[in-house]
Each structure stands twice: as C-alpha cells, then as structure tokens.
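One chain, chain A, links the two complexes that follow: it is found with chain B in the first and with chain C in the second.
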Partner chain A sequence: MLVNRKLVLAHFWLAFAVFGLALFLGAWQMFVRSPLYTWISDPEWYYRSLTAHGTVMGYVFPTLVAMGFGYAISESALKQPLVGVRWAWAGFWLIVVGAVMAMVPVALGRASVLYTFYPPLIGSVFYYIGVVLVVVGSWIWVALMSVNLRVWRREHPGEPVPLAMFANVAGSYLWAWTAVGAALELLLQIIPVALGWRTTIDAGLARVFFSWTLHAIVYFWLMPTYIAYYTIVPRAIGGRLYSDTMGRIAFILFLVVAMPIGIHHTFADPQVGAGFKFIHSAFTALVALPTLLTVFTICASVEIAARLRGGRGPFGWIGALPWDNPIMLAVAFSFVLLGFGGAGGLINMSYQLDTTIHNTQWITGHFHLIFGGAIVIMYFAIAYDLWPHLTGRALPDLRLVRAQLWLWFVGMIVTTFPWHWVGILGMPRRMAYYDYSDPAISPQAFSVTLSVIGAFVLLISGLLFLYILATAHRQPAADAGAYRFSVPVHPVHTVPLALNSFAIWVALMIGLTVTNYAYPILTLAARSDTSVPAVYVGAQ
Partner chain B sequence: MTVENGHQGAEVAARTERRWATISVIIIVVLAVLAAFAGIHQVTMPQPRVETIDPTRLHLSGEFVESNLGSVLEPTGSVTVRAIGQQYSFTPACILVPAQTPITLRATSADVVHGILVQGTNVNTMLVPGYVSEQLMRFEKPGDHLMPCQEFCSFGHEGMWGKVKVIDKEEFVAKAKSGGRLSCVGE
Partner chain C sequence: MSARELFTFRNPYFSAGVGLAAGLFVLTALGGFIVLPYAQKELKFAGLWDAICSAAGVPQRSASVPTAKVGPRLSEAVLTPTMLARPGQESIGRGATLAQRCAICHGPTGISRADSPNLAGQYASVIYKELLDFRSGARSNAVMSPFAVDLKDQDMADLAAYYAYLPRLPAYHPTPQLPRPRIVIYGAPVRGIAPCGSCHGSLDNKTGSPWLEGQSEAYLKAQLQAFASGRRTNDISQQMRNIARAMTPQEIDEAAAYYASQPTEIVKSTD
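And now, the complex of A and B:
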C-alpha cells in the first residue's frame, strides 16, 4: 500500500540526480590525475571536485535513498499510510536547502576541505551549516520512522513487527546516533571557528569525533542493501526467506556493534593511545558477524528459490536460478563485491596490516568496492523493484536493465582492483597530480590507466540507469499490484520481545559508545594544550 | 507436508543456522586473537602514549627547533630521526638513515594535518598539529624510498613529497662522527 508515491519518488529522483552529477566529477577526477592527462594547471579545482564528490556521495545520496526507501517500507510493510507526511516533506526540503547551501561555497572554491572536514583547515561556514541541515532533515525521517512504528504497535499489540520495518527502524536509530559524532565536531568545534568566534581548534579531538561517525555511517549506507537482501531478493526470485529470526539478529548486531569501532580510522594517529586502538580493532572484528550470518541466510534463501524451480545437486541448483531476473543478477554481483570488499576490510581492521595501506589508494579502492559496489548496486535493484509500484508503469526493457548492472559490476572491478594494487605500492590518496615520469612512480601508471577506464564504464552505467528510470515514466500504465516483501519459510507467529523492540539494543549501543569513546574524548577535551591555530582555506 | 514435518524442518533449519553462527564466531575470535598475539609477541602495537606539543612554538625552542631536525646516532647505537611536516614540504626533505639499525621516527606538524608514508615499507603515520607521532622502523637494505604526505593538507598537497635515503651502517656511523644532525638534503 504505497500512498505517498510522490514523496518516495521525490527522494529517489533527487538522490539519483545528485548521484549522476557526482559520478561525472568522480570520473573527471580519475582522468585528470592519470597518465592520460598532462597535468592539471590549477590543482585547486581537483580538491573542489573531490569535496563535492565526497559530500554528495557520502552524505546526500545514500541518506535520500534510505529515507525514500524507509517511507516506502513504512507504508507497505505496516500497511498503513505514512503518519506525518508534512514533516517528511519538511525533511526533504531541508536536505535540498542544505545541499545547495553546502555546494555553493564548494563550487566557489571556498570550502575545499573534503567531506572529512580535516580541521584545522577551515572553509566557509555555509558549507558546514549546509551539511548540518542535511543531517537535521534526515533526523526528521528518523523520528517519523519511530512514530509510524509506534502507531502500528498501538493497533497491533504483541504482533511481530514486519522484518522490513524492524530493519528500517534499526537503520534509522543507527543513523541518528552515528551522526552525533560529526554533529558534535561541527557544532562544538568547527562552526565556532568558521564564524570567527574562536581561532584555535583541537585537530586530534576533531578526528576522534569524526571517527565516531565515519565508520558507522558505512553501516547506515549498508542498511537499505541488507534490507533488500532479506526482504526483496527472496520474493523477487520466487523463493522464501530462510530465517526471519536471523535477519532480526543481524540488524540488531549492526545497531549495537557498528558504533564503538570507529577509532580504527585513527590507528596511525598520535592523539589516541594503543589501548583503545586495540579495543576498537577487536570490536571491528565483531562487526563481520552480522555480515557472515547474512551471507549464510541469503545464500540459503536463494538456494530455496533454485530448488523450488527444480534445481538439483549440491551445486547444480545454481544453474536453475532465474539469471535473467535483474534482482538475481544484482544480488550475485553485490555478494561478489562484498566478498572482496569484506576481505579488504579485515585487512584494514588489523593494526599490523593497516600500516602498509593506511591512507593509500587501497583505502579508496576498499570503500568504493563496498559502497559504490556492493551497496549501490542494490540501490539500483531497490529502484528497479519499486519503480513499477511508484510510477504505475512497467520497466521498459529488462535487457537494458541487465546491461546496466553488468556494466556497473565490471566497471567497479576494473576501477577498484588496480586501485588496491597501487595502494600496496604506496600511492597516496587524494592528490591532484602524480609525476609518472619518476621511476619510482612510473610502475603505477598502467594500473591507474586501467582504473580510469573502469571509471568511464561506471559513468556509462550510471547514465544508463538514469535513462531507464526516466523512460519508465513514459511507459503505458500497468498495475503492479501491492508492494510485498519476502515471506519466511517458516511463518513467524510470535517473536521474543527482545527481537521485536529496540529499547535494550539502543541502550546497549549508547552504552558501548560511552565505554569505547568517553575516555579518549574526555581526556582530549580536558587538555588545554592541544588547540592549534585554524588555517582558513579559500580566504585569499 | 504435515504439520509434524514442518516442525522438523524448522528444527533442522535452526540447527544448521546455529552451526554456521558458531563457525562465524570462531572465525572472529581467531582473528582478534591473531591481532593480539601479533601486537604483543611481535611488538607491533601503535605508539603507546599521547604526547603533545605547541605547533606555534616549534621553531623557537624544544625538540623540533630547526638545528635539531634530522638523524642522530644515539649512544646506544640506535638512531633517532626528527622531522616536521608543514604546507607543503617535510623538513628535512630527505631523511638519511642507516640500514639494519633500529630507528625511532619522531615527527609533528607545524600547521595542518599531514601524514608520512615511506613507500615500499609499512612505515606510515599521521602528523596531527599539537601532537607528536612516534614510530619505530628498521630498513634492511640501502636504497631510496619516496616519502609522500598521505593526508590532504590543502591545495599544494600533491607537491608534498619527501625522500628517505638508506645507506650502509658503516657509512652512516662515519658521517655521524662529525656530530650534528644528518640529512640528505641537496645530495
């Protein structure tokens, strides 16, 4: 029961439009710093572009997808019209205003500080306020998801919350708490300096605050993808969900352990002691658990679909899968990319291995593989799956859809695998120019060129995606029926209270964040000798 | 399918699931134990203490005044290297060190966040203004390594490349006899 289709479409279209723009910037960045281009005459343009690419892809695009998908889930899983539609539109417009406010100074070169902010570099205050507005807009969504669940519970006391909504609300709570780290950094540290009220800032403390957001934000990006794995994939390929309970456990685990692990981003930093680095490293290992559980459950669910279609044998069933179904294709690609990306993640989380690749192109390759690959390819799948229900029209041509997914998969591998390799060779991140004539750097030229080709394949795939969605609006009307989610093999009648509510898990999430972050933050905040002069960028 | 069969099926499913969950937990525990073992047994833990320093007074007094930057042979036979990162260069721009010698790198930033990465090694640390970074290193063979700044430090970041020159231990000791701080700037 999708009532507020316009609301969902507005979120998706804005998300994918800014995604398309940021994709152009990404491909341009890869090109200008490659051996295919002579030399960028003004490197400042590169960092402008990089700031815009990161801000849009990291903050605006996934947030809008999670919000739009969240509203669609709330209406169709709970089978009740969205409560608070006006608030939802207010949140949407806050994001529009925030994104424009942030991007204008970036385009003018007044805020080339990258989406990771990096104080003591300080850009235009409008950039930071714009980012804050985007986050505030998304917090309205968090509140609405909670309110809608509460309204449903009042009508359905004691009933199990549908898995899609349970996961959706878990994702929203995760985001609400994750964003607090960067919010504290912006409100307490950066914005007062950007306004000129203060001229010094503790760069080390800012990095610790940011790490609170920077890792768990990845799990917020991941949530729509995992929701699609559990609640769209089995239904779309004609199977059943192997286990509803395991899905709940996986989402609860993400909620609890995604947060207190961010200090692994500061392994090489001098402002955090060895003890907390080790604790966060160990907790980072824990976050692999929900993914391992999910891989099992989804593979089993897919196998059920294959056996229902007559698949036989220990591996023979793989051939019986509906490979012409775009969702099947997307989930297979997503799992392959998640496998490689996850293996890279295990390397990053261990302090000893991380020192070899910290801040090299390996890291860029890693998160593009996970986010751009495993996660975004499922965003495509979500859009393809929802589109007929949102537009009331069928998708134009499934061959085009399959070609788009194939291009994205191949493009992502061609882009990120060479990136990992040059990272091992020691190529640093985020540079506008590399001197490939230097004999120590020239061996990297071939790999860099390869990854530029991958970037252009991704650009073509992204444009094809937008084309498919746009032309779908002009197809003849076709009733897609009610939007449904996967049904588990063994129907769920009752669920233990712990797997049907959030209070205890939210308490645990906050508690673990306090135990793992309070000491590093408070000891730095209490010191008076760590503030350093701000360095304003773009001020000349 | 009878109700009873359905019930058995659910039990089989749950049992398989539990088995996989156990394997997953074992994998994770083994990974954490491996990291702990490598950290403690092979002494590959991050720098233990947080040390602070005022970046606005680096050039005036203390450990990081210009005359104290570079490599120095300690009485114990180890070498200490002191360096500074600033927009957009390292001082010294070329670090001279001996092969097969324990080396302590002590470095900090004079302005914004920088990083030191020695290519072809796993020497890799952030330079955060206000804090001192310390890293232990050891080079097996003589040779040259590029040393880029690995963290965005504003518009000139792409030009911030230093060098590490590793020379024979004997040659280094001979150079160190004359006292002072060694570097390979201008060589």
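And now, the complex of A and C:
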C-alpha cells in the first residue's frame, strides 16, 4: 500500500531534476577539458562547476532517492501508512533549503572547494551550512525508518521483518553513522574557520574525518540498488528470490564493514600511520564479500526465473530470460558495470597498487563507473518500477525505456573505460585543462575525446529518462495494483533474532570504528602543531 | 527483543560476529604494526615498541637516520588571511615615519626609480612577510637585508600597514600595455605551472602573494631567475621555485615584460 504517494514523488522528482542539471555540468566539464575545446582561461569556472556537480550528485541526488524509496518501502513492505508524515515533509524541505543555500554561493564562485571540501581551502559558510541541512534532513528520514519499524514490531511481535524494510533500515543506520564523520569535520573544523572565528585548520585531521564518511557513503548510495536487486528484480522478471537469509547477511555485512575502511582514501597522506592504512586496506577487502554474496544470490534468482520460463541447460537458460523487460536489462547492465568497477576498486584498496593510480583520472573513472553506472542505472529501474504505482498510470513506451537504459550503459562504458586508461597512463585528475600539444600527453587526446562522446550519450540518456517520467504523468489512468516485493523460494516463517534486528551489528559497526579510527583521530586532535592557515577561495 | 538474549556468547551470531571482527582486527594489526614494519629492510627500529609506534604514525626521529643536511634557511612566516587587516591610523603613521629610510630605493611615494619593487598599495601581508624573511635570512639581498635586521615585529606591521595604505600609482616609466602571453593566461598544465593569476590576483589572490602589475621588468625577471636557480628560497612549499624552474627563459622574459607593462588600476582590491 502506497498512501503518501506525493511524498515519494516529491523526493524522486527533486532528485531527478537536480540530477538532470548536474548532468549538464558534468558533460560541460568533460567537454571543456578535452582536445575538442580551447582552454578555458579561468580555471575557477571549471572548479565552480565541479563543486556543483559533485555536491548534487554526491549528497543531494542519492540521498533523496534513498529517502523516497525508503518511504515507499516502509509503506508497502510493512503494509502500514507512514508514521510521521509531517516530519518526512520537514526533512524534504530541509533538503530543499539546504540544497539552495549550498548552491547559491557555489554559483557565485564563493565556494569552489569541491564536494570533498579540501581544507585548508575554505569557501562561503552558507555552502557548508547548506550541506549540513541536507544531512540533517536525511537524519529525519533515518529516525522515521526506525520509528516505523518499531511501530510495526509492536503490532507484529516476533514476525520476520520483510527483507526490503530490513535492508532499508540497515542502510539508514549506516548513513546515520557514516555522516557523523563529515558532520564533525564541518561543525568542529570548517564552519568555525568559514565564520572567521579561527584562521587556521588542521587539514590532516579534517581529511581523516572526511574519509570516515567518504567510503561508507558509497555503500549508502549502493543500498537502494542492492535493495532493488533482492526485492524488485526477482519479482519483476517472474522469478523467486533464491535466499532471504543471504540477503539479510549481505546487508548486515555492509552495515558492519562499510564503515571502518575509509582510511584507504588517505593512503598518500602523511598524517596517518602505515599500520592503520594496512588495517583499513585489509578491511576494505572484506566489503567484496557482501557484493559477491549478492551477485551469487541474484544470479541464482535470475536462473530460477529463467527455468520457470522453460530455460534449459547449464547456460541455455540465459536466452530464456525476459530481455525485453527493462528491469532485466537494468540488472544485467548494472552487474557488468559493477564487475568492472569492483575489479578496479580492488586496485584502489591495495595499499601498494594504489600508488600507481593515485590522484589520476583512473579514480574519477572508477567512481563514475560504480556510482554513475552500476548504482544509478538501478535508480532508473527503481523509478520505472515504482512510477505506475505512484502516478496510477502506465509507463508510455517500453521501447523508449529500453533505449534509455542501453544509452546509459553504452554511454557509461564509453565515458569511463578511456578515463581509466588515461589514468593508468598518468593523467592527473582535478585539472581544468590539459596541454594536448605536449608530446607527454598528446597520445591521450584520442581517449579523452572518446570519453567526451560518452558523456554526451549519458546526457541524452538522462534527458530521455526525465522525458519518460514526465510523459508518464499524462498517460491514461491504469491501476497497477498493490506494490509488491519479491518472494523467496522458501517462505520465511521465522528468522533468528540476530538476523531480524540491528543491535549487535550497530554495536559492531561502532566498535570497529573505534578500533580503526580512534587512535588516528585522537592523536591528531591532541597535537597543537598540525594546523595550517586557511586559504579562503573567491575572497577577493 | 531482549538484549540479554542477543549479547551473549551463547548466541552463535553474536559470538561469530564479535569473534570474526576481533580476530580480523588482531590479525591485521599484527600485520600492519609488526610484520610490515620489519619487512621493510631499509627501516631500522630500536625495538618492537619503536616499530609499533612508527606504524601507528607517532612522529619520531629514528636514531639510525642521519639528521637532514642543513639547507638554505626557509621562511618561518605564518600568514593568515585576517592578519594585519584593518590597521589603526597610528600604525600607518608610524609606518610612514619608518618608511623614510626605504624611500631611497622604493621611492618617496612607494614607486621605485631604481628597479626595486613598487610598494605603494601592495598587500600588507606581502610586505610583512618579506620583511620577516629578510630579517630571518630566509631571503637575502646585500642592500635590503641590513635594513631589516633591526626591525621589530611591530615595525614591520607598521611599514606593511603604511605601504598598503598608499594609493597605487602608475610605474615610474610606464610602457605600452602588452597582450597577455600564453604562459600568464594558462600556465603550462603538463609542467605543473598554474596561471599566474590563480595566486597573483587576476583570478584569485592567495595570502602572501603580491600583485605584480607595473613592477619593474628587471626586478620581476631577476626574481624568477633567482627562484629558478634556487638562490631565492623564501617561497613556502617551493611553489615559486617549482614554477620558475619549469619555465623557459623566453617565458620568464614574456611574463616579466607583460606584468611590467600593466597599469596598476587593474589590480583587484582584496578588502
């Protein structure tokens, strides 16, 4: 049952609208620093655009998708109207206000600090306060997910929490804790300097705080995608979920091990000891585990669907899959992109291999492949799957939907593969322009040009996506029935308490954060000689 | 839900979760803090605790490592953006008195007739920093260093306030304005050279970086050459040395001539 459709639609529409705008910026950035365009003489414009692109794509867009999807899950999986609708709207409006407040100084060139903040660079205080408001808005969602689950448990003592809601709440708890790192950085370090109360900042400590957020935030972005794998895909293609328990274990593993691994983002930083870098590197390897479990479970579930449709043989069943079904297409694309992105990620998390690609375009290629590719393509799938239930109208044309997904898939590969390649060749990231006439990088001009073409394909796909969603509102009314999630092969009657609750896993998440982060943070915080003068951007 | 039921080693999920997490932590800690430090042959430790402290990132100087050779004296100036902001009238007045000694080279109105820098309207933080560096020896010049030796911090702050207060005047021998050369507009991305304006004003102003418009061409060129050859070393973090080293002699000429030909009116205010 979806009662508060407007609430969910508002979240999705805002998410996709800002996504569309940020997509334009991304394509522009790819274009101006390619050989197709003369150099921009003021790099500040590039960083201004980059800050807006990153802030929208990293904070605003995925947070809104997770929230909107979370509200939809809470209502339809628990079969109870959302408790705290007013609070949910308050959270939504906080994000609107926060996003506008952050984007105005960015547009004015007063906060070109990139979405990763990069102290000692300091921008306008309104940018940071805007980001804080976005995070606070999302924390309201975290609280509401917890409250709604509690209300449901009271009515259904001892019953297994539906997998979709279990995963949704796991994702919200992960976000609540992982956002603390950036919140500490903003509130204790950056905002006092941006307000002029202090003029020096401990950039090293700030980077450690940010690493606390920066890696686990990827798993927060990933949560809606994984929820879709487990609870939408098998149902949408007419199959069954292979294992409900495996799903619970995967989400629990994400909750526990996504957090204490962020220092692999600071491998090249001198302020963190090598021992902690090694520990974080090893723990990062562990997050491959829930992904591998998921790939196995979802492939098995897809095979079940194929065999139910008459597929035979060790591989012959693949042909029996409903390839004209957009969700089938999306999950296949997502897995391919996840496979390549994950393989690249193994290089990034290895303490020594990382040095070969550190701060090169490889990294930019990597996170676009994982987030823009594997994750966002499933956001599209979620929207397509939910839209008829939210609007009460069928999608206009499935051929358009399939074309959109194909364009995104191809566009993402054409964009990110050359990006990885020039990274291996040593092309640095975060530069506004490159001198392709220099013999050192002239051979890379072709690869960069290719990736610009990919960027424009992505832009077309993104606009097509918005067009499809918008025109769906004008279709004739059609009852899509109740929104359902996939059913496991073996009906779930009882679940061990540990797999039906979060206490142990939240405790472990916090415990591992303490063991892996406390020493680097406390020693840096205790030292008095680690601060440097702030560099105010756009302060002329 | 009962916490007692969950948080007990009789609960297999609890014992497996806690056991695996603790086991992994201990194992990776052994690897990171003991095995790996000793695996690096070039590192020498006084003992196990020394190795652990080193891997934990405790700042220390290993006994076996010879102390770094003493190189040129580096700048010790620490500048913050608000430093020297809004000086009092008294400070400017004292600065004016002290500046009488400077006029022989830097001109009575802060505009030099002797290829020394024009100081009228220069940023206060820049003048303060250069004076600090001349006093400490981080920057040296046969004429300038003796003037700075006896200055107190307050004197320097007053001089900085005075010169920053003076209006920016045209150079003593203005030359026709030259078009902006490529090295100034774009820098050279492959050689790690940022556009000059990203610190020196036209795009952004970084604390401690002077504006350059209308300065003497001979002076600008001499400074770039001094940075390139390593004779001048008071640029914090070597920014200017890295840039000047990577510039060709022709680019140095172009940049110096371009800035010397610019009118001072185009300098942006940083207030």
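Here, the second predicted complex is superposed on the first by the 540 of 540 C-alpha atoms of A that agree within 3 Å, B and C clash if a C-alpha of one lies under 4 Å from a C-alpha of the other, contacts with A are read in each partner's own complex, and residues count from 1 in each chain.
The definition used in the following text is that a contact is a pair of C-beta atoms (placed from the backbone, for glycine too) under 8 Å apart; a residue touches a chain by one contact, two chains touch by 3 or more.
Just so it is clear, the structure is predicted and the values come from calculations on it, not from any experiment.
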item	value
Joint occupancy of chain A by chain B and chain C, clash or fit	clash
Partner chain in contact with A:Asp202 - chain B first, chain C second, else both or neither	first
Partner chain(s) touched by A:Val3 [first = chain B, second = chain C, both, neither]	neither
Touching partner for A:Phe278 - first (chain B), second (chain C), both, neither	both
Which of chain B and chain C A:Pro120 touches, first, second, both or neither	first
Partner chain(s) touched by A:Leu286 [first = chain B, second = chain C, both, neither]	both
First (chain B), second (chain C), both or neither touched by A:Thr515	second
Partner chain in contact with A:Pro496 - chain B first, chain C second, else both or neither	second
First, second, both or neither for A:Arg430, with chain B first and chain C second	first
Partner chain in contact with A:Val136 - chain B first, chain C second, else both or neither	neither
Partner contacting more residues of chain A (chain B vs chain C)	B
Touching both chain B and chain C, residues of chain A	43-44, 271-274, 277-278, 282, 286, 431, 433-434, 438, 440-441, 523, 533, 535, 537
Parts of chain C lying in touch with chain A, wherever the complex brings them together	1, 3, 5-7, 11, 13-14, 17-18, 21, 24-25, 28-29, 31-33, 36-37, 52, 54-58, 78-83, 185-186, 188-190, 194-195, 198, 201, 203-207, 268-270
Complex contact set, residues of chain B against chain A	6, 9-10, 13-14, 16-17, 20-21, 24-25, 27-28, 31-32, 34-36, 38-39, 42, 44-52, 54-56, 87, 111-113, 115, 117-120, 122-134, 144-146, 148-159
Of all residues in chain A, those that touch chain B in their complex	43-44, 46-47, 112, 114, 116, 118, 120-121, 202-204, 207, 242-243, 246, 266-274, 277-278, 281-282, 285-286, 288-289, 292-293, 296-297, 300, 346, 350-352, 355-356, 358-360, 425-426, 428-434, 438, 440-441, 489-490, 523, 527, 529-533, 535, 537
Touching residues on chain A, where the partner in the complex is chain C	39, 41-44, 153, 196, 199-200, 256, 271-279, 282-283, 286, 431, 433-435, 438, 440-441, 496-499, 501, 503-505, 507-508, 511-512, 515-516, 519-520, 523, 533-540
